[in-house]
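Quick heads-up: structures coming right below.
Next come two complexes, and both contain subunit A; in the first it sits with subunit B, in the second with subunit C.
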Partner chain A sequence: MTTTAESGPAGAGRADIGRNEIGKARLRKEDAHLITGRSRYTDNMVLPGMLHLAMVRSPYAHAKITAIDVSAAKASAGVLAVLTGADIAGEQGSLPNVWPVTPDQKAPEHPAIAVDEVAFSGEIVAVIIARSVAAARDAVELVDVDYDELPVVMDLEEAFTDKVLAHTTLESNKSATWVFDSAEAGTGTSVEDALADSEVVVERTLYQQRLIPAFMEPRSTVVDPTGEQITMWSSTQIPHILRFALAITLGIPESKVRVIAPDVGGGFGGKLQVTPEEIITVVAARRMGKPCKFTETRSESLQVGHHGRAQVQRLKIGATKEGIVTGFSVNLLADMGAYLGLITSGIPILGAFMYNGIYKFPAYRFECNNIFTNKPWTDAYRGAGRPEATFAIERMMDELATELAMDPLELREKNWIKHTEFPFATVAGLEYDTGNYEAATAKAVELFDYEGLRAEQKRRRENNHPVQLGIGVSTFTEMCGLAPSRVLGALNYAAGGWEHAQVRVLPTGNVEVVTGSSAHGQGHETAWSQLVADRLGVPFENVEVLHGDTQVSQRGMDTYGSRSLTVGGMAVLAAADKVIEKAKVIAAHMMESSEDDLEFANGAFTVKGTEQSTAFGEIAFAAFSAHNMPDGVEPNLDSEATFDPVNFSYPHGTHLAAMEVDTETGHVSVLKYVCVDDVGVVVNPMLVEGQVHGGLAQGISQALYEEAVYDDAGTLVSGSFVDYLVPGAPDLPHYITDRTETPATSNQLGAKGVGEAGTIASTPAIVNGVLDAVRHLGVKDIKMPCTPSRVWHALQEAKTSGGVQ
Partner chain B sequence: MIPSAFDYAAPTTVEEALGLLSAADEAGDEVKVLAGGQSLIPVMKLRLADPSLVIDLGRIPSLSGITDDGDFLTIGAMTTHHVMETDPLLATHLPLLQMAAGTVADPQVRHRGTFGGALVHADPAGDMLAPVLATGATFTVSGPNGQRSVDAADFFQGYFTTAVEDGEILTSIKVPKYTGWGAHYEKFTRVAQQWSIVAVAAMVRIQDGVIAEARLGLTNMASTPLRATATEAALAGCALTQEAIAAACAHAAEGTEPASDLNGDAEYRRHLVQVVAKRAVMKAAGLQPDGLKRTRE
Partner chain C sequence: MASSTSITVDVDGVTYTDDVEPRLLLVQYLRERLGKTGTLIGCDTTNCGACTVHLDGVSVKSCTMFAVQADGHQVTTIEGLAQNGKLAPLQEAFHQCHALQCGFCTPGMIMQSASLLKENPHPTETEIRDGLEGNLCRCTGYQNIVAAVKSVADGVEYDESGVSVSDDLVDDLAADGSERTGVS
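Let's look at the complex of A and B:
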């Protein structure tokens, strides 16, 4: 679709060994089986005697369960058992929240099957266990549940007032209040003082609508309880965390649990969860002594899979008349939904360190109130906290530019950190290692033809063209590569942020890489193969990457937060380096030379200054046959490493969107989209391009299309893809992408994360562009998604209020 | 999702199908006929319909195809959207229907979904309804007492309701030819593949440099498709300019009762239909209106 992607030679032969793997646009190893129907998703698993589950869900968003009659369902053909919350109260435990953001965080008990009270529409009240999916489904309608309806609170701002409580067991809807103040933290000055002294203060309330991670493969779980261990196949991003969470939630020894994530069809954070359905499937399988499967329908996926975003952002930014930003105050209401999922409470906090963006203003305060409502819980969704932060600061920079009648790029340039100022300690307490905002912006401006489009915009304004043009700017950075374990500890997150890898050398010299990262579409098999081929000098094709099974990959922290390459990939490289060290000892022995005289390049050890060399494969075989090992050296090259990052990685970039707004219909379209991203050193440009494209699509989609909408009773109105709108290829522009390359200093490769960059950057670029197109007509704001109807109504209101400037 | 259990029959003649229908009726069974299944199957999977018998019309050859009957084209109820989209007879004599069929869903759905199924399903946002209404077609319905004809004006009776009674089958639609007329189906959606938020089916006969006659059908502006009669009247004799056509199309919301939903409220739809009508008429007349180029044009 766009630039880059100079594809490498197909099937590099021996001559390529050890050279140039990094940076090559290798085709994805994982695609052949995915596109030829040889994929194995969880729902493809069929085990002998397997039973099927269907969930009985509450139609009410808030109610007391007064009675459940399961007799008719139990008597239904093919049904073996029906379990209610009361039936399994003793064993189901409470679903884990591993991120208590404050010591006094409040949260309701979170049973997988509700026992006394339901707090959102779709919450599970019983499970049917039957011989077939059809029999299970049929019986769902036969379960008779009596509810006493309770008042619901759906609106976040209303929930904050505590007039209606989302849970009768809690005294307030407030779960926690989390504050960062640069004056208190010693990273800056007081924002209150700064705003009081500012010549210009702009105040806005912005809304992050609720989004649904619409991954391709609905979630599915199979549990086999028949062997020594309980084996779970699940469509998850986090097999390792899930294993640990199942053990602690259900009180099963961790050693007795094996979790396998087979082919997983996307996640976007939506599969970074320990779900009630997973817990229930384990409980059912153990009770029945037989394998059990649960696969959600798309309707269920939209209704009860965890959602994302859902915040109200009350923002104040101060500046001098010349446009030097003096301080930024952020006050959030974050919608938890009815419960705290795995890291629900921490999502807004992940954004807390990013509201300063790429800028160096001196004063910053962030306050977030985590609030319960009667909706499904929110949790990680691509970007998790950082898109919200970027949206807030980038929208506010545009608002400030308008206020100051200044070009939005000029305002940004006045405030951003110059490339000579890195490493830079930010007002939010992070240390940005590197960056070059000037370079990325210069490139983007050129590719975009910024001046030309500004001139075209002026022409259309002057002749009152029905299709107005706007230019949206977003100069973003983000923190990813989650995460230094110490930082996570300081934030009270339960686990660490390291990653583990193992490099195993087979007798032939082929290599197996075992990674704790858990790919679900990203292309790790390809990228890790490139890393190891490069490091060990073995052919790309001779590297096999294994992942997603806790019995194969014993240790891992899985995949989210754009962490796989910058954390998991570094563990792979560290393990490969250990292999070289081990091989060196054997090579020296084989060549009767000193280790100090050897150098390793292109897959062979050479005695410096001579022609004498031994290939990696020969050493592998020598270690396997073990006929002639040096004394005291184990006959084995396998190595492992655990990598804990010293810092986050900070990708950045400049995104420019030319937006057309049809003032007659309110329809919005992207005329041109340019992004220049800096993700440091690139292992595979095609994979990077793919991540950027997909990320852009998701970010643009938040700006224009997606929204989870509820009625007053608490029922999801946008409960199918007819109403929950996701764009298709024809709705998205031809992206013009490019890169600058400022290597990160926090890892040996110089790489930065790219998984979320497009999503984080694009949403404000689009909305800024839409507003830039119609601001001269008097429009001040348009809530996301900017639907034709909303845009048209905004134009009408501007007209009737005579707001034309 | 999985529908409730049901029996399945695949008759090979209309008579056989009608026999099955009346037998089921006598037995008091709930029965549904299946055309392309693109609306019925989703509704069954969501368990909004639970027929105990499904009668598949897909094996009855006489129900599909387009034939030239002089002043008319007769279109079998089981003719797929894809055939409609690509048929040369339609392209010559009824380009409006051809264009509308091309805007339905995606190629997969168009290869399965049928003209008759879409008309009997009668979703107010369905794209084939307004064009058929605009042409003034006649519907042939077969039942236990033989065949009857229903005028387009009487066929659509409300949300998902038509003149086809229980025990009856829509067999064909007889559509007058509009050879030489300009035609355009203008569909307004948020994304390329979506049901119409509002759409306008327009046909114009141009004579002596003005619009001599116009026929307009409106999609999703009420519980049934509507004729835009006030606009049609205003367009008679209308000059071929954007201003004149826009003035005539300012009547397009008259007599409409659009619903409010996530894609827009009624007020927005009443405004939108005027813009969409203007664009439809201009394009039917071979003019290029201002406004955003849509991806599917």
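Let's look at the complex of A and C:
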């Protein structure tokens, strides 16, 4: 690992306090129960008298509901009730969209159970409530729904023409148009002028296929309405936001709702949602007065859990003959699907600030049209807008390099921000605080053996080797640590971006940390324990982290957008610092000295220049017994803090992929994958490594394997794991990973965030590599996923259209 | 309600006799009747492997068997793997190598890995990956899972520092796996 700056903010301040935990590959506290089967996923939950739900779903992608006959289902063994949209129309409300990106954004009503019209295949039209799951599912078949089919619009470019409308209640498929123009914003010049004056302009249309998050744990919800409070357990990333949303959607006082996210089996943005199923389970439980559970099948999860990506990217990049980029124009069509989910509309807009990547572009324009289709709605999926942006710019840099006959790394180097130029105000209006693209790239090039692989590529081309070699380059940065509340306000997002934490000191000196972050595999319990152990000097083992229950962690903004450490972790540190301040007053009293004479290190206050000291545990007990407190000081060391970041953090990295393409079969394989990421100061390198690996898998998988495929009638064809290819161990390569470390300045630790990095960078690296292997054979583009069939067809088309052979 | 059949199954060392519906899946029997919720359901199509258990010592996907088919057999779940409070080597290795994140695939992945090592005690990286083909993980990208299985095959003994050595293991694996040049 290379450290590119000696000391950032991490080195400042409380560097005197035993820094022995930051950077240690602590094994996870979360593991013991998960490796022994003592897990607490929502579907494991059983409550007395619990009833089970099954959903009746529309087989049509667009239809009027003309009649529903539930009598046979109601009469079925074990069934207690069947509810339709009409039955609960007065109480189900409309599912929330908290990000109206423009004042004139259009959106249809979004009831949990459709009342008059369905707009995608799989939309719920009724719910069965029964004594067992089997009885509920049996009865689904007995509900008789009459539909009048309506025309469907599935293709995004076709939807943009408004020839067929996705909703009969809307006049257009266009939900909103969102524009950023550097000339208007004052962050750059006019892109139109820049492109008109450019010596070279490359224009391409790229496609971001629709993806399915495909977390391993299907979503599950249990609602207990007994007692005066409603308790929900749900497989969610966002218990706090969910509680608020349930309250506003259903008109229940927020104080009467408790949401618990127990063990959650992955999310990747897919569980950043307030779902119809959650609303319905609450409604059912209140109606029945008994606990109710709904657990989706995998097919339901793939069919109706929100999807991701799904954009058409119309791109123009201008440059001088020497390869200096003069302007970048981005025109997007973004597929909302049939409704606006929680932040559906904002996802492509999150990308708006990232299309300039790590580069110094003088002019930039971004326009996004949010479009409705008759598909399930899209929303956050790992990276959320930023993978799409990175894919666009990194593919275009390769296209430009090809046009200029220049090495793609050389072109990037000519345009990227040099490490001496930070902080750097970008053309998209952000201020990148730190970074060192040279260092990360140099390290990646060395690990990859870039020159050696280029030589091998040349050999294979000269020999006409059936398996050609391509080298894919991808550099990236992303905005992490969502988000400064003021920025969110300026973007018209309904909530803030802060995070909350409490540190509670027990009489024994053990510490409980309460965090508003809501982990679902990331390892927060381990990392937060390290933060607090480091700060308070207490043993790692003596820290307990509590999360995922709105009654324990009263305030929180939950987990997404690589925000947990850079926002949630900082709240934890701020709360820990307050504990130290409180302890200092008591310690001074106990040692009969002045607070100014005390220093805190390794879990003890010492009177400067003496041997006299008091350990943290002694102070904790003194505060508990309260026999001898200073006047006016409360007898506890507990504290809480809310941290609101002043800026995003900007991890970056360079990823290099050596791709083999079998020109006879179209088969693609990863020969070598190297990534060097700079995620700032690292608390636990083992956890960081894990996040990078998993991110790479998902990014590589977008490039090669995954796609939600629909037929013309609007039915999901890839509706099971037989057809939707989540890669297995043999489908993925061995990753060579490394890091450089340039501390962020936006938080006191210098951390940047790592959850999405691998996903963002790897997709363009892989596709660039595939194209680099076959471009000399006349192939110009291959749509993702680059399946053997697509690659083979691209090669055949290149042959027949007279490509170089 | 369909007619019931009586079955007797040994699960994690305890003999159970129950009346079950013929259509009840083994995984449902384990979870709903015996409370063995350590075994999880991730799909409906026998693709994900989250429900993997051992039937007479051989891995099976318990969502693809009826409970009645387990009549007279011995089933081991993730909950029966640790003996006398001591983790099985694979459980320890998954912990040490950071081979799990959300943990949902972990019970199935560990059970399948155990079966894999029983059949092939010294697998190459490729053989490990191929042997785990029927178990999906969405969090780890598999690298640390492969390292964990390899570490057990290699008889790696872990210290008690509480600090991971997975980086070294992954590096060793890369060295060992030199025969593996790409994904197929």
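In this section, the second predicted complex is superposed on the first by the 785 of 805 C-alpha atoms of A that agree within 3 Å, B and C clash if a C-alpha of one lies under 4 Å from a C-alpha of the other, contacts with A are read in each partner's own complex, and residues count from 1 in each chain.
The criterion applied here is as follows: contacts are C-beta pairs under 8 Å (C-beta built on N, C-alpha and C of every residue); 3 or more make two chains touch, one makes a residue touch a chain.
Predicted model only: the values in this text are computed from it and were never measured.
K.L.:
After the superposition on A, what does A:E664 contact: first (subunit B), second (subunit C), both or neither?
P.N.:
first
K.L.:
Touching A:A442 in the superposition: subunit B (first), subunit C (second), both, neither?
P.N.:
After superposition on chain A, A:A442 lies in contact with neither partner.
K.L.:
Using the superposition on chain A described above, determine whether A:E217 touches subunit B (first), subunit C (second), both, or neither.
P.N.:
second
K.L.:
First (subunit B), second (subunit C), both or neither: which does A:S299 touch?
P.N.:
both
K.L.:
Name the chain, either subunit B or subunit C, that contacts more residues of subunit A.
P.N.:
The partner making contact with more of subunit A's residues is C.
K.L.:
Is A:L170 in contact with subunit B, with subunit C, with both, or with neither (first, second, both, neither)?
P.N.:
Neither partner.
K.L.:
Looking at the overlay, what does A:V722 touch: subunit B (first), subunit C (second), both, or neither?
P.N.:
Once the two structures are laid over each other on A, A:V722 reaches both partners.
K.L.:
Looking at A:D138 after the superposition, I want to know if it touches subunit B, subunit C, both of them or none. Which is it: first, second, both, neither?
P.N.:
first
K.L.:
Tell me which partner A:V709 touches in the superposition: subunit B (first), subunit C (second), both or neither.
P.N.:
The answer is first: A:V709 touches subunit B but not subunit C.
K.L.:
After superposition on the shared chain, which partner residues are touched by A:D731: those of subunit B (first), subunit C (second), both, or neither?
P.N.:
In the superposed model, A:D731 contacts both subunit B and subunit C.
K.L.:
Overlap the subunit B and subunit C contact sets on subunit A and report the shared residues.
P.N.:
On subunit A, the overlap between the subunit B and subunit C contacts is residues 134, 297, 299, 660, 667, 669, 722, 726, 728, 730-731.
K.L.:
Which residues of subunit C touch subunit A once you look at their complex with the stated criterion?
P.N.:
1, 21, 23, 31, 36-45, 47-48, 50, 77-79, 81-82, 87, 91, 94-96, 98, 100-107, 110, 125-126, 128-130, 132-146, 162-164, 166-167, 173-174, 177, 180-184
K.L.:
Which residues of subunit B touch subunit A in the complex?
P.N.:
Those in contact with subunit A are residues 1-2, 4-5, 46-47, 188, 190-195, 197, 261-265, 268, 271-272, 275-276, 290-292, 294-296.
K.L.:
Could you pull out which subunit A residues touch subunit B in their complex?
P.N.:
Within the complex, subunit A contacts subunit B at residues 133-134, 137-138, 141, 297, 299, 465-467, 660, 662, 664-667, 669, 704-705, 707, 709, 717-718, 722-723, 725-728, 730-731, 787-789, 792-793.
K.L.:
Using the touch definition from the top, list the residues of subunit A that touch subunit C in their complex.
P.N.:
24-28, 30-32, 34-39, 41, 43-44, 77-78, 134, 214-218, 263-266, 268, 297-299, 520-523, 540, 660, 667, 669-671, 685-687, 689-690, 693-698, 720-722, 726, 728-736, 758
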